[in-house]
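Note that chain A is present in both complexes that follow, paired respectively with chain B and with chain C.
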Partner chain A sequence: MYQWLDDRLSIGRLYAKAFRKAFPVHHSFFLGEITLFSFITLVLTGIFLTLNYEPSIRPVAGPLSDGKEVPAAYYSILYIDSLPFGAVLRSLHHWAAHIMIAAAFLHMLRIHLTGAYKNPRELNWMIGVFLLVFSILAAFTGYALPYDNYAFTATKIGYEIGAAAPWVGRLMSDILFAGELSLTNTQTIPRLYSIHVLWLPLALMGLIGAHLAIMIKQKHTQPRYAEKVAPGKIVGVPLFPQQAVMMGVLFLIYLAVATFIAGAFIAHPVQAFGPPTVATPAVKPDWYFMWIFGILQMIPATWRFEFLGATFGPQFWGGILVPTLIILGALAIPFLDYAKDKRRYLELPSQHPFRTSFVIGMLMFYLMTTLAGYKVDLQLTIGTLWMLVLAVPFLTGLAAYIILKAVYGKEWNQEAEGKQIGKGSAADD
Partner chain B sequence: MADHEAKAHHHDHPEDPQAHATRRAVLQAAIGVGAGAAVLSTLWVGAGLVPRVEKVPSKEPVAVGDTLVFAMGAKADQEITLDDLRAAQGAALPFIIAFPKSPENVIKKDLRNNTLMVILADPARMSPETRQHASPEGVLAYSAICKHLGCTVSQWINNNWVCPCHGGVYDIHNQARVLAGPVPAPVPQLPVRVEGGRVVVAGEFLGEPGADV
Partner chain C sequence: MYRNDTVVPYFALVFSVALFLMTYLNTQILVGPEEKKLTVGSIGLMAFAMVLFMYGFIGLLSNWLEGSELRPGIHQPEPSSLPMVAGVVLAILLVVLSGFFVRALIFANNPETGFYNDTTLQAGVFASMMLLLALMIAIYKKFFMMEEVLAEDEKGDFPW
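Moving on, here comes the complex of A and B:
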């Protein structure tokens, strides 16, 4: 049997050529894999959901809604929850999305802290940034689909934030949401459904394929010790069987943990919110939008002006401008911190104090703007929040730099000397 | 490989370089026109994604002479009476979310900016401008669509009218002046009067309703 297949497909050659490819190993390298596993889980559970979901708001009544008329999309969520393991699979879809965004974010932090975005990997860093943005968009377009009052309100806010983009915003939002969100707009749900289950997953698949192909082509970065063990060579384990086994085990652990979470914490119980009504419930976005929500609460209403027929108001500053600047800044990182020669080895965060402190400062910015999202609950004033958001990241970054200098300062000089002699890839921050 | 063939081909059929250039220009023009037509037709089809605006009676804006009806709840679609407003006064939510109903009995609920709030308040506490557009009994109406991001302002916390989405607070006694939150402008007041116990629209919105983006 093997011989027959080998004659036709040259499995032996494929094995020798591709499956023996060496993969460097480090526990932080698994973050990207967890992101991929989450995506696979999302596609599989998503297929299950599409088989039972009705993307429509036509009124239906049935035993699951106690004979009351509810939108069909809402009813189909009740139906899915009533299927064997239906609620668990729907929750798994929900939590896998959270894990995917969190893992992608941590993966990005790892790349940033170890300088793995440098020449020749700038392109893959940029694809990675788009992957994160598209993942968040995919999560957002999934919000509305259960079509309960909470989902409806959250999506409505998204519509208005999109519409706050100057000149083209309203048109853009109208195309994305098929017009203004209202209780009687029958086109919104089919439009968001198509984007959520077809277009964004296709875009993500394409980008993930490119991300992996480029990673394989350029070879994975290696931990620093590899340079001492075997300079110029790849130190790692073969794709098959070692790497494949590790990935398989990790996938199973991931699935076990995610399914446990899904079973223990049922996601977004639609009955708790009921079908959409005219009244708006108090909504709080998920954690990956909380920082934007926080910034929106920090900007005084008076910060607005009109220019060439477009309004630049708080919604624009907080909802459009700040996220856009952060995305552009992320895309620019490999060019701001550019390496002329090609890099193969990871850099130690302790040897790149400015970059490390900057990343810690940005994390504090994220935490402080997230805190601003709780402005009303914690009764914080706009002034306090501005002070926290501006001062805390700066001071934390400064403190991180001072601590790094105190602990590793001596090594920096050695690194610099080593560079002058011409050994190793040293600090260039 | 391709290079070799091209050269061999050239040797076999010595051609006028001018004819080559012309052929290339024609092919390039054809490709350009084809690509352009493809892009244009894609845009033409894509333009169908822009939603159509349909004119139906239920999407007409609020007009003078409309009565106000309950937008939701047990009494949904029924006309709001002074008694209803009096009953609400002591409740946790002292106001009522309302839609306008035209004299032809069409409830205009399909235009979001027709979402209104109506409340019975104390005329003595109102600013003069507010009182001017309220009924003598103290019935006040505002657009209920938050000027910030278009949520329905539907909460009542500490005797204030609050938008649940981003914490905008409006002063109902003073033309919905913004007391707190990221709201860019007050929601417009809608002049109302009471006729035979029912709440009737007495004038146009005093400003632009809907999210201000």
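Moving on, here comes the complex of A and C:
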């Protein structure tokens, strides 16, 4: 059988070229794999959901809604939840989206802290930024699909931010929501559905494919010790069977943890909120939008002016300008911290104090802006929020730098001396 | 970060437990124990807790299975009776749980049992099955699989 296939497809050559690729071993590389497995889980559970979901708001009545008329999309969620293991699979789909965004964020954090975005991996870093943005967009477009009161209202927050974009806001809402997001627009759910199950997954698949192909071409960054074991070489285990076995084990652990939590905590029980009504419940956007929501809370309503027929208001400053600047900043990181020579090894965060302190400061920025999203609940004033968002990240970054200097400062001096007398070292850039 | 150490995975596990605890307290204090739905904050905490738990778990497992530093060459396994017995016991447990899982699904689809669709039970059994499978593969890799470490050239012609 093998010989028959080999004669026709040269699978022996495929094995030698593709399956013998060396994978360096380091625990931090698993964060990217967790992100990938989340996407696979989303696709698999998504296939089950598409077989049972009706993307429509036409009124239907049945035993699951106690004979009351409810939108078909909402009713199909009740139907999915009534199937054996159906509620678990729907909840798993929901949790996998949250896990994917959290894992992608932590994966990027690791890449940033270890300098793995530097030459020659700048392009892959940029693809990674787009992957995170597209993942968040995919999660957002799926949020309204259960069509319950909470999801509808939460989606409206995002809709209003998008519609506030100067000049192109209306066009964007026409593309994403097929017009205005309202209880009477029958085209919104089918439009969001097609974007959620087709266009964004296709874009994500393309980006993931490019991300992996470039990673294979450029090779992994390696743990520093590999420099001593085999200088200039990639030290790792072959993709098949060893790396494939580790990936299989991780996927099973992923399924175990995510499914258990999905069953124990149904992420979005639609019955708790009911179908959409004109009465708006008190809602907050999902946690990955909370920092943007927090910035919106900090900006006074008076920060508004008109220019060439467009309105620049708080939703533009907080919901569009700041996130756009942060995304552009993220894209620029490999060029701001540019390395002329190619990087092969993971850099130690302790040896790069400014970068590490900056990352810690940015983390605190996200935490503080997220906290600002609870302005009403915590009864915080706008002045307090501004102080928290500006001062706490700066002071945290500064404290991190001072601590790093106190603990590792001597090593930096030794590194500098080593470079001056022409010696190589483990922490060389 | 210098090698495939256990420090960061241990820290990730401890941090994940702290996040799970925070979620629990958040749900008990802010939402109320009788309320089933989670707040967006709790969902975020849980998502990070799960990622850190998986990462910490696989990180420690990777250190046990692959070691902290690789050395090029072939490394033969050291099989023994104990891992074989453990594998057989896990396989039997897996079969039992598979039967139980199917029964749970049949119960959920049976009007005579009132469509007993217990998501926690179904998910718990399924999660146990996946964990058992992962453990069986890990035991096989540790005690019965030949390990090879490559030192590959930096430049290759794959994929192009």
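What to note about this one:
We adopt the following convention: the second predicted complex is superposed on the first by the 416 of 429 C-alpha atoms of A that agree within 3 Å, B and C clash if a C-alpha of one lies under 4 Å from a C-alpha of the other, contacts with A are read in each partner's own complex, and residues count from 1 in each chain.
In this text, a contact is a pair of C-beta atoms (placed from the backbone, for glycine too) under 8 Å apart; a residue touches a chain by one contact, two chains touch by 3 or more.
Keep in mind the model is a prediction, meaning the values are calculated, not measured.
With the C-alpha superposition on chain A as described, chain C and chain B fit side by side in the combined arrangement. Here chain B and chain C are compared by how many residues of chain A each touches, and C touches more.
Touch criterion not met for A:G115: it reaches neither chain B nor chain C.
Of the two partner chains placed by superposition, only chain B is touched by A:K156; chain C is not. Of the two partner chains placed around the shared chain by superposition, chain B is the only one that A:I299 touches, whereas chain C remains out of contact.
When the two complexes are overlaid on their common chain A, residue A:Q242 makes contact with chain C while staying clear of chain B. Taking the C-alpha centre of chain A as the vertex, the lines to the centres of chain B and chain C open to an angle of 130 degrees, rounded to the nearest 10. Shared-chain residue A:A178: touches chain B; no touch with chain C.
In the superposition on chain A, contact is made by A:K375 with chain B only, not with chain C. Looking at the shared chain after the overlay, A:P334 reaches neither chain B nor chain C. Superposition on chain A leaves chain B and chain C with their closest Cα atoms 14 Å from each other. Once both structures are placed on chain A, no chain A residue is touched by chain B and, in the other complex, by chain C. Put simply, chain A touches chain B in their complex at residues 153, 156-157, 159-161, 163-164, 169-171, 174-175, 178-184, 187, 191, 277-283, 293, 296-297, 299-301, 304, 311, 313-316, 318, 375-376.
Touching chain C in their complex are the following residues of chain A: 17-18, 20-22, 24-28, 30-31, 34, 82, 84-85, 87-88, 91, 95, 98-99, 101-103, 106, 114, 213, 216-217, 219, 223-226, 229-230, 232-238, 241-242, 245-246, 248-250, 252-269, 272, 284-288, 290, 344, 346, 348-349, 374, 426.
Interface residues of chain B, counted against chain A in their complex, comprise 49-51, 53, 58, 71-72, 97, 99, 109-112, 115, 144, 148-155, 163-167, 178, 181-185, 211-213.
Chain C contributes residues 1-5, 8-9, 36-41, 43-44, 46-48, 50-55, 57-59, 61-63, 65-67, 69-72, 104-106, 108-109, 115, 117, 119-124, 126-128, 130-131, 133-134, 137-138, 141, 145, 147-154, 156-160 to its touches with chain A in the complex.
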